[in-house]
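All chains are identified by letter, namely A, B, C and D, in their written order; residue positions are counted from 1 within each chain.
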């Protein structure tokens, strides 16, 4: 096997998803990425970190070396290396190798390791890519279609959060924990989204009244926004699947199936749809 | 440029949204309003307020003077000043200039500054106004259409909140923090909207039973109300898109089917829709 | 005015909702009921109760006497007193007068006053009754139609709540506040409905894992149940408004408007629908 | 009554749901299962356990013996005992008898008693089984149809939870209770699902910003996922009711319109649907 053949083979394995080895490679890669995140998680536990410090560092370097080798191989076997390097995945791949090198200089850079998770997006390549992308696109297009309605609501919600946050600050004030307007607006968000941590609660009667109003507003916003988005999704789904708009030349029947060749009402042949 | 021309130009810039300068003016204005709110937020933080007290006061006066000048200019260049002054935006604009003047007499009037946020509604003028208003109207009309159903549920919810609040007060009582009926009804709202602060929780077995029931009720209300609103939005969307807006020239019947050729009421031929 | 006329007049005022006085009477009655609840609320606040004890008691007796007089008048002017007394509203009206009399013997019976709130249901009589009842009926029928699907989910949820409550009890145990199975199942309900008081939280890693699973399950259940109910409401709304199922005898066109007399496709007269 | 007849009778009672005794048997069985769980609950309360220890143990053994006898009878009267033993219900029934026997060796095995709850699934046999199973199947098939869309969202949510958990860990760190990455990811789940226990809350300004973003993200995810699932349910419901289930006798085409007379694929006349 000469050099060119080797590069072609490596390319099929590393970039391809159709061959058995191509798929296997992606599965292994994603497992390694997840394993490297689990290692990061484990390393964040004080007790584990103290006890297995050496092992964790060793593994982290192992992962870093593997990803570095992988990155260099990708450049090596890519037919147009520069295009790969400057592509979205190319940049993510590069950044994914770097945290530990940077951490030699700045220890906290360590957590840049989570950038590696972005690489998990490759998972869509193993699964039947097109279908997933199609579904994502449908979702995004539906969200896009209802974007104006959502924006109107979002703006209303933003103004409400600011106004209610300011009101609670005036009513409750620093003596009840509402130290400043930032914290008060944060409280309004916590309440409107029905999260309700309870780290900051109103103590006065008027404050409780404002809180009750905020909750009901959040509840209503949830209901109305869900209604808007549902209606949009349904109307979009209908438009995609609806009939072919052909009218039977014999009896005038409409609402024919998309694949219809003959009229379901009179049996006459329908004009074909060329587009 | 004479006086009248200057007023016309100022009018186009300040009130208009079509010209480049008109848009720019609105963008600057909204930025100033938001900046003035951010200043208010910053000023509410003790540490910042102590250190930069002078600067904050200076900026607040700067904003107030800018908004005052803007308000006066609006009156000056408006073709019908009185109509502007008594319009909704005119009153909001006036109030937006006043907090600091009033605060000279009553310091707490300071927070009236949030009224300025109402002016942010002008943002709809920069964006394609009509589309947004149309979407708002569709929303409001849908909400209006389902208002009776919502009212039935809302009344039911109100009665439930009062009854469950009273029950928890009887069961738990002041010794567990449920000091009075106001606080108990407040607890019922916190629980039914699934916010759940946790500042007030039942301690007895029976109280926990009532709480569990309240939660499940809130959960069900959320599901059912969302269903009602979604159904209403979808049915409204369908009605808007399904009829062809043609009026029968013979009998005046509307609401014809999209493919209709003859009026379903009198059988007369409908004018064809070419577009 | 003789006795019989007086009774007729009183009947129209008290039971009727069509005349001006009949409406006014109902509005006053509901105001009195709400005022009597507000009095109960105020009386539950320690500070108010201590200070205005006498006044509160006086008012409570006043309300009781008013409602007693009203109840006796209802019996007096009712054409069939026995039918009224044994009707749903008759029983509610009677119970609404009694709390204070019973409280002479058992002080805690005082809170039976909330039963008066049930009388607020009369509000539907003032508003356009039929429309509201129709909407309620549509709601109830839709809920009824999806009852099997909801029951399947509800049973699943119940089993999940019990199983997850038991699991958290085994994992966390009394040392972390999960004292018994009742409290653990209560915790599971608090978590699944996304209320999340936070009075009882898992402390072990495994417990947090179970909690995370419970939350995601509650989140999914909310999404799916809302979807089921929305779909049911929409399909019901469609069935109510859908076409008349008549097929044009001339061209075979279907999907005619409910009021259609002529076919919208060929203009032929449709067979009339007698039912 | 000979041996074979007795087995037949027992089989009808124990396995059957059509006869009066068969139904009664299932009702009693489910009551016993629930009673055995209530006993487990009661036994978990310290005060009750201390006082009635003997009675609880006696009852638990009584339940165990009843279920053991029932299991043996099922084997005895089953026409094909081996098939029953290896069936799903057979295995569940066996496990349901065992906890107490195992607990003689390992006391904590005691809680395996909750496995008995799985037997409650038999409840579907008493109710009109087929309808419920059909509804379950429709649900499952709808969920199945929207599985790709849900998976896309779920993956996105997973990545968000991990990234936001890591961010909050970096920003807040162990000094504010975010001791490790496991706990931080757990916090992100608690916040995104809008549960919001409040046992772990951000204390820094940046942390609160991340929390606010997490809440809004969770809120949006809820809205969008509900919209997706609703749209799927509605489109599925429509598909089920719109086609007439007739298969073209000429070309085998299905999915014909409800009013179809001719096959839209080959133009052949469809058999008419008389019912």
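Operating definition for what follows: a residue touches a chain if its C-beta (ideal position, glycine included) is under 8 Å from a C-beta of that chain, and two chains touch if they have at least 3 such contacts.
Going by UniProt, the chains are A, B, C, D = Ion transporter.
The shown structure was predicted, so the numbers you read here are calculated from the model rather than taken from an experiment.
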Copy pair chain A (Ion transporter), chain D (Ion transporter): interface residue numbering same or different (half cut): different
Listed pair (B-C, B-D or A-C) duplicating the C-D contact set, over half by residue number: B-C
Whole-Å gap separating chain A (Ion transporter) and chain B (Ion transporter), where each centre is the average of the chain's CA atoms: 29
Intercentroid distance (Cα basis), chain C (Ion transporter) paired with chain A (Ion transporter), Å: 40
Numbers and ranges of chain A (Ion transporter) residues touching at least 2 other chains: 182, 194-198, 222, 226, 230, 234, 252, 255, 265-266
Of all residues in chain B (Ion transporter), those that touch chain A (Ion transporter) in their complex: 37, 40-41, 44-46, 108, 111, 114, 117-118, 120, 123, 131-132, 135-136, 138-139, 142-143, 182-183, 186, 189-190, 193-199, 222, 225-226, 229-230, 232-234, 236-238, 241, 259, 261
Chain C (Ion transporter) residues touching chain D (Ion transporter) - in the complex, by the definition given at the top: 148-149, 151-153, 155, 159, 162-163, 166, 169-170, 174, 179-182, 184-185, 191, 194-198, 201, 205, 208, 211-212, 215-216, 218-219, 222-224, 226-228, 230-231, 234-235, 247, 252, 254
Interface residues, chain C (Ion transporter) side, partner chain A (Ion transporter) - complex: 194-198, 226, 230, 234, 251-253, 255, 265-266
